[in-house]
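What follows is a set of structures for review.
After this come two complexes, each holding chain A, first together with chain B and then together with chain C.
Entry: the complex of A and B
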């Protein structure tokens, strides 16, 4: 075996490590390990002095691998890699051993054992470092044009923001007009502004912007490629368009509650969106209206809350009361969803206008009275504890937005996931709400989850920021520690492809015939799922190869078996 | 004229996210934070709903990403003192308070903290324990540098001690450090000043401060947190024993015309999370949530509530308790349920529990009035930043070039805050690109 020149630097971290682990003893031990030509203790390896010392020793001792035993790679790996690079060593010839979290902190009351464990971990790190190989960090170009799928309020907002940043945008809408769900709506809470006030300037801005190309009556037919370099086929457009990023803004649709409360056969039972249509036509003068909330929401099979349905019901109830202040308007509901300042104020306002709220128990839901025509609603009034009968010239069912019917098709084309309820699934519910795990594809509006106008617009801006980042930078850095398939060992079972969260693996024809896995390094994040899933050991990961991991295990086992 | 620089005020999750996005968009960012570390309220939470992710574990990488970004200039322990100018051309003065620690030398090892003889109430843990006069705000603080609290340091109070200086191997202590004024020229400003918990002692009927085993939601977060004052043991204040029955009271100071008429937006969910965490930690523990409306309108929230009910036996009672009294140290909740089963008797009921958690209203941060006054931006009648056109411009304030994201512009949860933060970055990019063109 070839000789290596490995240097080991053990950090005291003041007393954090040095107060428990006997660092001088560990340094002596490290110095005697195979291929180690230099070892030292460092008061703070991460300080200016500590880093200078590492760089100086790389030069003085001709080190070709560096092992630092200190704290956590989460915070310090980049720092030490940079130091290696500055000293002329490839940054991937560095190995991190954590003797703080894994030794001195967790075994604070057992200094002897902590010291022995530090030795073992360093021995393993040294053994692995022997097999480390230099890696290259590649950069790939980002084509500075974006595709926005969906021409509703979210899609239009995102497109306009990107264009205003000077980026070219392709906006696709499957209908013949822009607007999406918004164009069917009458007024918007909380100020009950006319939809036109929001819609017209936005649509005009989009239509007149020289950097936005609009494709009406069109759908995405196929997508290939990865961040920076997607090729998209669109119906009714010849050839492909090339884009660097994609924003999904396909929205949702109102649930039509077929078979519930006589819908759609009973003529005066309608949905909120259908009511909006009538209000838009100027129809009013109702004497008595009952609205039933949570129809098809918060039920078995569709657990989620429609988020803004309570406010929609309040809005339409207020408008009916404005049309006829004498009208009796009841909203039957479970909980009033009116978070924040404005929504809560809107709720109060609706009560002040005389809209009445009755809490019903979903176990005994309201019943429509009347045969061909709804004449009233019978409901168990949970606050007064008995059944009441309410007059109803019209019954309005408040239903949630549901996922678009073709979400699955689009999700497969883009290789991005859907959640169990059928909406698109973001990378992380909490901190990455408008990104997909796959780079270069973003999400906003009700395609993600039912969102009102203000929320859709916020999300559209956010998605636009995320999409603009790689386009404005012009380049994306590709992860160096990626997986690769060894073709001669691959049987083409496809396990790797199924577990890859980033859509980075494809099955391709091999020279020997049959299919083999192929990893697109530009999409791979180096998570290692495919490596674990491969039954043949064909899939390997750079810097975590079987050979490297076996070397670590062997180093540990040898230690144990030669012990007392 | 400096079109390529942006000032972000507030280093919580919204300010951090806005800074990262702006920096990645190519802007030079100055992130100003009043305390010695970025992280904000999210750093104080134990876990987050509805995924039960450890809060600091998902936040810390963002904090590090933000601080180590080449285009982010972190100004911690600093405050905005003056703002002039207009969109595209603001001139800002920032006061950098002295830490009395040389940031270039301090390695954050903690030797000084070990040796500091002065113990003072720990604000990060809501005064449930003590810290030293030289301190790290919390274990994962960024920057990972110490600060001397001059108001409590023996040397500053009595002219002697300097033990920290003696033991510091990095020679980082600098008692001569003075405050500094930094002048900046920026094209846009993003506000992300967050919230404060409402002082619930105003609601005398709930006995906070009088009855030992009545605590607040944020105090609960610190108690159940592994890095908190009790290392994650939920000790009730009276006898340090873990509770067997907990009551969570919602809308304490929220949705109440006497205090804050609005809904604080996150309390139904954080109470549910806290009940789940308590149930996970102490199998057999029972939780009761007294609510007004169960507001669970976010993605996966209803599923989370169902899980609380089914897996952890959490009981939700629709009632706003009238008062809390105590008998032998055990709180008693007086309430009337407002959802009746048919034929059920209606009466005021009493429930004796081991611990009461008041889910307090959340109000605009104390610092925010002064900052917004300096910027000349309008507030709504609740003190949140007014957004003149929420439907079309949800992150634009009343002053052009000044944007607001997160809780400072209205109650919202973490995902909505990071969405607005990224959205504010997009609006800045739009503004400053148009200016440039």
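Entry: the complex of A and C
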């Protein structure tokens, strides 16, 4: 067998891998694997320093295959492939081994086993890399239109931003009107300006833009395809819409705390959003109001903080005080989440206006007094060490935003993940915060987690700017993972073309006479179904060949046979 | 000897759903037994039945194919082929005298990190109960 010059780079990922897996031991192990001529540990393989080191070692050691053992190819493969390419190595002579998500993070209390497993995974990766071959990528066109799902502040901003760049946008909103949650809000923190001042120009801009098509009362019914060429079915629309990119801006909804604090049977117990509705109608003049924060947030089953509900409570408390400076307004809370310059200033302003803050213990939460009508709230006041009774003409429950009820359905259609709380999950919290790991799909606003308007707008700018990149370039490179038929082995049985979901395979006349399979690489999406269906091993998949996958199995079998 | 209670299990996971689900389990720091090795394929339908047979006939204790839930395949219908092949393969394994329980097919979506962890734990227990694969080559020394 031909010799190879394989280099192995094992990432510590700070403590993420290095804190559990004994990286130096793993590096030593990798160095002794067949055809490995160089191995090193890297504090952060994906850092500028880590990448330069890989490039330098490719040159210094004449590496012809590179294996990086670090995190997941779903987020970092492109980065390392680019590094290989920059060092003059074909980007497909790179193999990724996942020793973080699939090892250190799931075996945090078993460092010995995790170390052994990392070795084993690297052995398999090195075995596959031996058979990797250089590949050329095809280019595929990106249809220069975008789909934005959700017509709230995030979706409208994203749509307008794309349209202003000259790109056509399809904006879907399930309600009869644009606006999302924003349309139910009264005034906006921190200037307490009317929502209309922000909303009206934005909505007008969206409605009047010639490049934006709005579909009201519509929902996504089905999505097929890939970056550059998605086909989307929408309720109430005949046929399909063709788009190159998709932005998810479906927002969240206010938690209705059914069964807590008498909601909704006690008439004067409301949520903050319901209070905003009343304030909007011009109702004010309350004498006494008690707000209870963290209702349904930071509890078992919903552990997260709503992030801006403290400010919502402060805002409405200030507005009530402005309506009637004599009103007694109390906010019962566990902690104050008011970080940053404006929020802290706002917190102080609310105290200056006379809003009173009382800390409650979630173990003995406040109690509503009165049956059909709340008359007061009883709460244990920790500072004075006894229960106090607060008058309450109205009780307002501050609840967090929760995920939309049909996120699961949409996530399945788009094949993008949801986090454990049911919000959409980005590709990487820090490095790829407004896109999914699946190319061509982006997200912004409260679909991701509760986001206030400023955050939703900046995320929408980011998502639309990201989505514009492939649409502006007009082409994306397609991963070289397509199938190909080896003519000399093909008997022309046609199994492959019968299972191909994309009609990418044809039988063509061969020079030897008879028919052989031929794959149209531009149509092939690289599932590999035809490869498994081929009885003769004639059909193969680039970067996932039988030989490469069998080498991984062999490597593992060898380990079992030779014992620990 | 240590291998007796630590079966070696090979997992094929599709890139779009199950591999992402496994990643999510990692991101969520869900603990699970350390004896599984995940091999990424683009679609569960890429897994040639011969891979399963090769792995089991040469001593691995278990092989699992993980794919998208029926109806959710990134390639529309790949997992239906996987499903049919798996049914035939189970019968074949039995025919050649390999416990069919050593081969499993499960569906895990990109958002089911917890389900991934649970599946790995369950399957490890199932395969542990079957004992070591008798086809394992004797250890050297």
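Here is the rule we go by: the second predicted complex is superposed on the first by the 346 of 564 C-alpha atoms of A that agree within 3 Å, B and C clash if a C-alpha of one lies under 4 Å from a C-alpha of the other, contacts with A are read in each partner's own complex, and residues count from 1 in each chain.
By definition in this document, a residue touches a chain if its C-beta (ideal position, glycine included) is under 8 Å from a C-beta of that chain, and two chains touch if they have at least 3 such contacts.
From a predicted model like this one, the values you see are computed outputs, not experimental measurements.
Trainee: Considering only touches as defined above, state whether A:41 meets chain B (first), chain C (second), both or neither.
Mentor: Neither: A:41 stays clear of chain B and chain C.
Trainee: Between chain B (first) and chain C (second), which does A:251 come into contact with in this model arrangement: first, second, both, or neither?
Mentor: Neither partner.
Trainee: Examine A:117 and indicate which partner it touches, taking first as chain B and second as chain C; both and neither are also allowed.
Mentor: Second partner only, chain C.
Trainee: Which of the two partners, first being chain B and second being chain C, lies in contact with A:7: first, second, both, or neither?
Mentor: Neither partner.
Trainee: Kindly classify A:461 by the partners it touches after superposition: chain B alone (first), chain C alone (second), both, or neither?
Mentor: First partner only, chain B.
Trainee: Between chain B and chain C, whom does A:74 touch in the aligned arrangement: first, second, both, or neither?
Mentor: A:74 sits against chain B and chain C alike.
Trainee: Touch test for A:102: chain B only (first), chain C only (second), both, or neither?
Mentor: In the superposition, A:102 touches chain C alone.
Trainee: Given the touch rule stated above, what does A:412 touch, chain B (first), chain C (second), both, or neither?
Mentor: second
Trainee: Once the two structures are superposed, pull the chain A residues common to the chain B and chain C interfaces.
Mentor: Touching chain B and chain C on chain A: residues 74, 419.
Trainee: Per the contact definition, I'd like the list of chain A residues that touch chain B in the complex.
Mentor: Residue positions touching the partner: 13-16, 43-44, 46-48, 74-75, 78, 161, 164-166, 188, 190, 193, 198, 201-202, 298, 303-308, 335-345, 348, 359, 361, 380, 382-386, 419, 423, 428-431, 433-434, 448-449, 453-455, 457-466, 468-469, 472-473.
Trainee: Could you please specify the touching residues of chain B with respect to chain A in the complex?
Mentor: 13, 17, 21, 24-26, 48, 50-51, 53, 58-62, 64, 68, 104-105, 107, 109-111, 114, 144, 169-170, 255, 261-263, 265, 293-303, 306, 338-344, 346, 380, 382, 384, 390-395, 410-412, 414-416, 418-427, 429-430, 433-434, 437
Trainee: Touching chain C in the complex: which residues of chain A?
Mentor: It is residues 72-74, 98, 100-103, 105-110, 113-114, 116-117, 120-121, 124, 224, 408, 411-412, 415-420, 425, 437-438, 481, 499, 501-502, 525-529, 531-533, 541, 544, 546, 549-550, 552-553, 556-557, 559-564 of chain A that touch chain C.
Trainee: In the complex formed with chain A, which residues of chain C make contact?
Mentor: 2-3, 8, 10, 15-17, 19-32, 34-35, 37-43, 45-49, 51, 54-55, 58-61, 68-69, 72, 74-78, 81, 85, 109-111, 113-114, 117, 136-137, 139-141
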